Amino acid sequence: MTGPVLVTGAAGLIGTVLRGGLPERGWSLRSLDVVPVPEPRPGEEHVVADTTDLAALTEAARGAGALVHLAGIATESTWPAIAHTNIDGTYCALEAARRAGVGRVVLASSNHATGYTPRPDGGLLREVDAPPRPDTYYGVSKVTMEALGSLYADRYGLDVVCLRIGSAFPEPTTTRHLSTWLSPGDTVRLVDAALRTPSPGFAVVWGVSANTRRWWDLTAARALGYEPEDDAEVYAPALVAVHGEPDLTDPVHARVGGEYATAEFDSDNFDV
Amino acid sequence: MTGPVLVTGAAGLIGTVLRGGLPERGWSLRSLDVVPVPEPRPGEEHVVADTTDLAALTEAARGAGALVHLAGIATESTWPAIAHTNIDGTYCALEAARRAGVGRVVLASSNHATGYTPRPDGGLLREVDAPPRPDTYYGVSKVTMEALGSLYADRYGLDVVCLRIGSAFPEPTTTRHLSTWLSPGDTVRLVDAALRTPSPGFAVVWGVSANTRRWWDLTAARALGYEPEDDAEVYAPALVAVHGEPDLTDPVHARVGGEYATAEFDSDNFDV
Amino acid sequence: MTGPVLVTGAAGLIGTVLRGGLPERGWSLRSLDVVPVPEPRPGEEHVVADTTDLAALTEAARGAGALVHLAGIATESTWPAIAHTNIDGTYCALEAARRAGVGRVVLASSNHATGYTPRPDGGLLREVDAPPRPDTYYGVSKVTMEALGSLYADRYGLDVVCLRIGSAFPEPTTTRHLSTWLSPGDTVRLVDAALRTPSPGFAVVWGVSANTRRWWDLTAARALGYEPEDDAEVYAPALVAVHGEPDLTDPVHARVGGEYATAEFDSDNFDV
Amino acid sequence: MTGPVLVTGAAGLIGTVLRGGLPERGWSLRSLDVVPVPEPRPGEEHVVADTTDLAALTEAARGAGALVHLAGIATESTWPAIAHTNIDGTYCALEAARRAGVGRVVLASSNHATGYTPRPDGGLLREVDAPPRPDTYYGVSKVTMEALGSLYADRYGLDVVCLRIGSAFPEPTTTRHLSTWLSPGDTVRLVDAALRTPSPGFAVVWGVSANTRRWWDLTAARALGYEPEDDAEVYAPALVAVHGEPDLTDPVHARVGGEYATAEFDSDNFDV
Amino acid sequence: MTGPVLVTGAAGLIGTVLRGGLPERGWSLRSLDVVPVPEPRPGEEHVVADTTDLAALTEAARGAGALVHLAGIATESTWPAIAHTNIDGTYCALEAARRAGVGRVVLASSNHATGYTPRPDGGLLREVDAPPRPDTYYGVSKVTMEALGSLYADRYGLDVVCLRIGSAFPEPTTTRHLSTWLSPGDTVRLVDAALRTPSPGFAVVWGVSANTRRWWDLTAARALGYEPEDDAEVYAPALVAVHGEPDLTDPVHARVGGEYATAEFDSDNFDV
Amino acid sequence: MTGPVLVTGAAGLIGTVLRGGLPERGWSLRSLDVVPVPEPRPGEEHVVADTTDLAALTEAARGAGALVHLAGIATESTWPAIAHTNIDGTYCALEAARRAGVGRVVLASSNHATGYTPRPDGGLLREVDAPPRPDTYYGVSKVTMEALGSLYADRYGLDVVCLRIGSAFPEPTTTRHLSTWLSPGDTVRLVDAALRTPSPGFAVVWGVSANTRRWWDLTAARALGYEPEDDAEVYAPALVAVHGEPDLTDPVHARVGGEYATAEFDSDNFDV
C-alpha cells in the first residue's frame, strides 16, 4: 500500500488513540475531522472537513492508501442527527474511497448493531450468530454501515473490514466493561491488523480485548492477524469492590448492547 | 384489531393489488400515497401525503389498527433518493405508528437486502441463512428497514413483520421469475397472514409463491399462516420456449438478487 | 440532428413506449431516470440521475441531439412534491439543454393544464381556445412547463414542442378515454413528429389519437406532421356495455380534465 | 366583508402606495412584510413574516376579509430565487387564504407574464389575446401565479383577481412608460375595485392608467369598477424632449414586456 | 489596484448611489445583485447572482480589485432571513474575496450594530466607545459582519473597512436624521476613501455626513481620507416646523439606533 | 428562582462538570444534549434534543428557572458547521428561553471571541478593553453569541451572563494554561455565581481560575460573586520542566487566543 491512511473522526477518542499508535507501526496518517486535530505530529497531514461533504471527502481521499472511518455520533441521538451524520457520512466515506481509488476501508461499527442479542447460555458468541438486532438508532446506523460496506465489497471489489467495537475507553469503568473493553493498545493492534491483512474482502469482527470475562468470539478477528494483549480483569478487583459482582441475568449483562438495550434508552424516557 | 389498515404507497403496483384483495378478507383500508389513489372503493379512506412527512403520517395513522408500509422507490436509484425516500420514509412509518399507538406494522422488505447471497448447493435457503448482503443502494435501504423494524419491536414492543418480497408482478416474465414470483393472489394472502397472525413480535420472511423452482424456504412464512396457492411453473413452457432453460451457474440465477447482483447494476455502468 | 435523443423519465409508462418505438424510426436513445431503465436495448445509452440535479442533467445532455422531458409526478400530489419534481425538474431540463447546446426539447405537458376548460357546445377545441385553466397542482405545473418552454424558445431560440397529452395508456379503460386516449403507437408517432418537424419554434399541441369521440382539435398537431392511426372507438362497445353511454353533461365528460376537474380532487377530500 | 385587508409585501413600492390610499377608501389594513413596515398608521396592524412560511402566513390571515398579495421579487432574478420567493410564495398566499377562510385574493401579476406578446397592428390588446408568453423567469412566476389563482377559484370557489401591472412608479421615466404607466392613484383605484367588485370569480386584467398612448385594453378592468384618472401623457413633452419620439418598431416598444423581452435580459448577458 | 470594484447589492439604494458616483472618481464597476441592475452604464459589468451562493460569488470576484459588500436585508426581519441573507452572505463575500485573491473589502455595517448604545452626555461618540450592542437581529448580523471582517484581516491579511452607516437616504426625513444622515454624495466620498486609503488593515468607522447635530465622531473616518461635504442642517427648518424640536431624552434620540432601539421593534410587537 | 436549570450540551466536558457540581449547591438540573447524558443522577431530568430545533428546545425550557447554554462545537470547524450549530443554536437557546418565560440565561462564550487581542504591556486585561477580535470562525460565533445575548437583555429584559471561558480542562497541560486554566471546581463556582447574582442585566466576564500567571482581569467576574479557589501554578513546575519557561513574545502567549490566533489555524493550513 502506498499513500497515507486517511482517518476520519481523527480528533475523537479512538482517533486520538490511532494517531498515537499507528505511526509507530509504520503508517503515515492523514487526519480528518470537522474540527482541527490538536497538536498534529511531524509528518501528519490534517484536514478540516465534514464527512457528509462528499466532494471534500473525495478530495481528501486522493492519494490515500486506505481509509479508516471513525467519524460520526458515537452514541444514541435523535434520528435526524443519526441519519445525517452516521448514515450519510458512511456512504460518503465509501463513495469517496471508490472515487479516489482507495482500495481498503476500515469501518468503525459497534456492538450496538446487534445490541439486543442475548448472551449465549455458554461459550462465545460468533459474529455470524449475531445478525442485526440494533438497540438504538445509533445501532441502526451501524447495521447500515455494515450493509454499505458489504455492497462496496461485492459491487466494487473494495476490501472492507467492519469492527464491532466494544467499549473503547482508556480504562474499564463498569463491570460490563470487564467483558467488553477494547483497550487503547488493542485498538491500535486491531486497526493495524485490518489494514495489514491480505485481501480480506468483506469482514465483520468483534473489537474487544483478551478479557477474561469476554463472551464475544475472537476467532474471526484473530484470522485477520489481531493479537490482543490486554485483559480488563486487572481492573476487576477494584470494580467489583465498588459495584459488586455482576448479575449476569440483569439485561445490562445479558445482552450484547448492555444499557443501550434496556428501557432506559427508550426515547420516551429521554423526554421530560 | 380495530380501525382500518393504513397502507402507504397504496397507488403503486402492490398497493393496487392489496386495495383489491384485502377488503374481501374483511380489512377496511385507509390508502395513502403521494398521489391520489385511482378510483377509491366505497368505504375506502384515502389520504395524499409524503411518507417522509412525519407529522402528516402520524396524523394519518391515528385510529388505524395496523400499518402496511409499501411506499418508497421500488428499485435502484441514486443514494440521495434512496436515503431520503426509503430510509427516512421507513423511520417515519414506524415512528408514526408508535406515536399514533398502532401496534402492528408490516414492512415491504425485499430479496435485494441479501441479493448477493448465493444459491445454496441444494435445498432451500432460510432467512436466517441469508443475513444482510445487499446488491444495491435499494438493498441497503431494505437492510435498514429490517433493522429499524427490529428496533421498534425490541424497544417499543411493536409487532413488526418484514416481507422479503421476490418478484411481485402480475405474471412472471423471465425465467428467474419461475423461482421468485410472488403472485397477486399470494401477495394478498401473505399480507393478510402478517396482519392476522397472533403476536408475531419481529419476523422476517420470504415473500414468494409456491413455485416449483423456488429455492427460498417458506417455513417461516407458513408459520405466520401464509398458504400460497400459485406456482409460476404454469408459465414455464412459454418462458423457456422463448428464453431457453435457465443456466443456474449464471449469476442472474445463482444469487438471490438476480440481475441486481451483477455488474450490470454497478453505478459506473449507469453513466454514459 | 446528430447525437441521441435524451429521454428523461425513461422508465415510466410513456418512456417505456418510446424506448420501444423510437429506435425503429431511426432515433438512437439515451434513457435517463432516477431508477435504472429495465432491460436496456443494444445501442441504448442509460443514465441514472434525478431530473432536479441540474449538474447531472447537463452532463447527461452533452452531445444529445434533442431532449424529450417526461420525468415528473404523473398525477396530482402535494404542492411541495409537485413544485420540486415537476416545476424545478422542468427548469433543469430546459436549462440543461441550453447549457449543453441541445437545440430541441419536447415537453410532456398535459390536458390538465387546462382541465377546467369546458367542452365547447359543438366542434373541436383548439389549443388557443384553451388557455391555462389547471384542475390540480399537477395542472399548474404543466402551465409552468409550457411557460418555461415559451421563454426558452423566445429568449434562447430553442425549438420547444409541448404535448398536451390526453390519456396515454395501453388501452382505454373508461368512457372518457373514448375521447381522450392517446394510444402507444400514436404516442410514438406524435413524439417522432415533434422531433422531426423542421423549426417548430414554440408549439403547444394536443396529444390524442384519432378517436371518433374526440373533441380536441388536431389541426395543430397535424401541422407538425403527426398522423394518428388509432381510434378508441374499437373499445367503445365493451366500455359502454359496462359503464353505459357517457352523460356529456356530467363534469367528468364536460371538462377537459375529466375527474381531475371535479370536487373529488379537492385536496380537502384527500384528508381522512 | 369584515376584517382587515391583509397586504403582503406591504413595505414595498406598491405596498406603500396602498398603505397610504386604501384606508381613506374605508379599508382597514394588516400589513405584512419580511421587514417591518415603516411608520405604521394608527389602526394599521402589522406583522413581520416571510411569505414562504405557510404557517406564519395562515396565522396572519386569520380574521382577514381579503388578501392582497404583493410580496415577491419584483424583477428578473435567478431561477432558484424566483421559484422560492415568487412561486412558493404565491402558493402560500392562496393556501393561507383558503385555510383561514379568506374569500377573496388579489394577486399582483405582471405584464411580463406575456412580455413577448407583440403589439397588435392597431387597436387595443385584450387580456384574452395575450396568453402566457413570459419574457423572464419573473414572468414565468407570474404565469404560475395566474394559474394558481385560477385553480383556487375553480377548485375552492375563492374570488381571485389577477392584476397584470404595467409600470407602477411614482412617475413615468421612459417613453415606454407613456403607454404602460400605472399611477399611484390608479393603483389604489384598481386594487379598491378588485376588492369591492361583487363576485368576480376569476379575473385577469391589465393594470394601467388611462394613458393616451396605452395599447392594453381596459374593458375588463373597467368591468370590475376600475375608473383610472391619470394619463402619462402629461409627462410626454419632457420625456420626448430627452429621449425622442419612441420608435414603435423597436422591440422595447413593440412587445408587451419592453426591455425584458430583449436580448439584454438573456441570462447569458448577465454574466461577466 | 487593478480590476474593477465588485459591488454586491448594486441594485439597492446605496448601490445605485455608488453606481452613479464611483465611476466619475475613476473606478470601474462590476455590479452584482440578485436582480439585474437597471440601465447598466457603458463599461459597467453586471452579474446576477445570490450572495449566499459562494461558487457564483467567487466566480464574480475573479479579477476584481476590491469588493464592496452592500447586499443583504437592510432592516429588521425574521431571524432565519437575517441569518441566511446577512450572516451567510457576508461570510460568502469575504471568502469569495479571499479565494479570488481580492485584497480589499468594504463592508456595509450599520449603526444598529450598537443601536442600544446611549448618547454620551456631551461630546462625540467614538467607535471604540461603541462596542456591540445591537438593537435588532439586523444589528446582530452587523456585529457578526464586523467580526468576520476582523478575522479575515487578522488571519488572511485582507484590508477590511467596515462602515457603520447612519441614515443613507436621498434626504433627511425625520429629526433624527438631522444627526444621522449620510448624504448620497458623502456615501460616494466615504466608499471612495475606504477604497483608496493605503493599507487600512481593519477599520470600523461611522458613516455620517458633516451634520451640525451629529454626535458620532468622524475622526476615524477622516483618518481614512473621508471629507464629508453635506450637512443635514439645511433641512432642519422644514423638519422642525413639522415635527418640532427633537426631545433628546426620547429614546429615539438618546440611543444610537433610534426607533430600532425602542419597544416598537420588539418582535412581539410585530405580531397581530 | 423556581424550576430546574436547563443545561444544554450537558453530555460534554463542561456539562459533565456542572452535572456533578451544581446539584450540591442546591440546583436541580434538566440535562439536555443531542446524545443521552451518561448515568443521570437521581432527580436529574434529561432530554435528547438538537439545540437547533427551536420547537424541541422551547418545549424543554418550559418550567425551567434558568438556562445554561453550553451546546455547540467547542473548537474551530468549517463555516457551515459553525454557523448552523453555534450561531443558530444560540439563537434557539435565547428564543426558547424567551418563549418559555425563562428569565435568566448563562452563555458559554470564549476567549476566542477576542483571540487576536494582544497581551497588555502590563497589568490585567479587562473585558471592556477586549472587544470582538475573533481568531477563528468559532470565535466569530462567540462574538455573535454575545451580541444575541445583549439584544435579548436590551430588547426583552432577560438577564444574560456571558462567560468568556479560558481553558476548561481537568488539569492544565500546556504552559499557556498556566494563565488561562479554568478548573472544574471554579467552573462550578462561576456558573453558580452567574445563576445566583441578583439582576445582572447583561454581563460579559472572563472565566478563569485564580492563576498566578493570569493576565485577564477578574474584577467583573468577582462582581457577580465568583470566588475562584484554584491556581494552575501548582502544575507549573511539572509543565515548565517539560516545556521550558514560556516565551511571552511568542504569539501563543502574546495573544488572548493562543494557538488559535496563529497561522497554524489558517484554514489554508488545514488542507492537505
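Some observations on this one:
Just so it is clear, A, B, C, D, E and F label the chains in written order, and each chain counts residues from 1 on its own.
Note that in this section a residue touches a chain if its C-beta (ideal position, glycine included) is under 8 Å from a C-beta of that chain, and two chains touch if they have at least 3 such contacts.
Chain labels with UniProt names: A, B, C, D, E, F = Uronate dehydrogenase.
Treat the numbers as computed from the prediction; the structure is a model and nothing was measured.
Think of each touching pair as a link: the shortest run of links from subunit A (Uronate dehydrogenase) to subunit F (Uronate dehydrogenase) has 1 of them. In summary, no chain was found to touch both subunit C (Uronate dehydrogenase) and subunit D (Uronate dehydrogenase).
Subunit B (Uronate dehydrogenase) and subunit C (Uronate dehydrogenase), compared by their mean Cα positions, are separated by 31 Å. For this pair, subunit C (Uronate dehydrogenase) with subunit E (Uronate dehydrogenase), the centres built from the Cα atoms lie 51 Å apart.
Centre-to-centre separation between subunit B (Uronate dehydrogenase) and subunit E (Uronate dehydrogenase), using Cα means, comes to 60 Å. Annotation for subunit B (Uronate dehydrogenase): residues touching 2 or more other chains are 265.
Viewed as a network of touching protein chains, the structure reduces to one closed ring of chains, two contacts apiece. Within the complex formed with subunit A (Uronate dehydrogenase), the subunit B (Uronate dehydrogenase) residues making contact are 79, 83, 87-88, 91, 95, 113, 116, 128, 131-137, 139-140, 143-144, 146-148, 150-151, 154-156, 261, 265-266. Listing the residues of subunit A (Uronate dehydrogenase) that touch subunit F (Uronate dehydrogenase) in their complex gives 30, 34-36, 45-50, 53, 59-60, 73-78, 80-81, 265, 267, 270-272.
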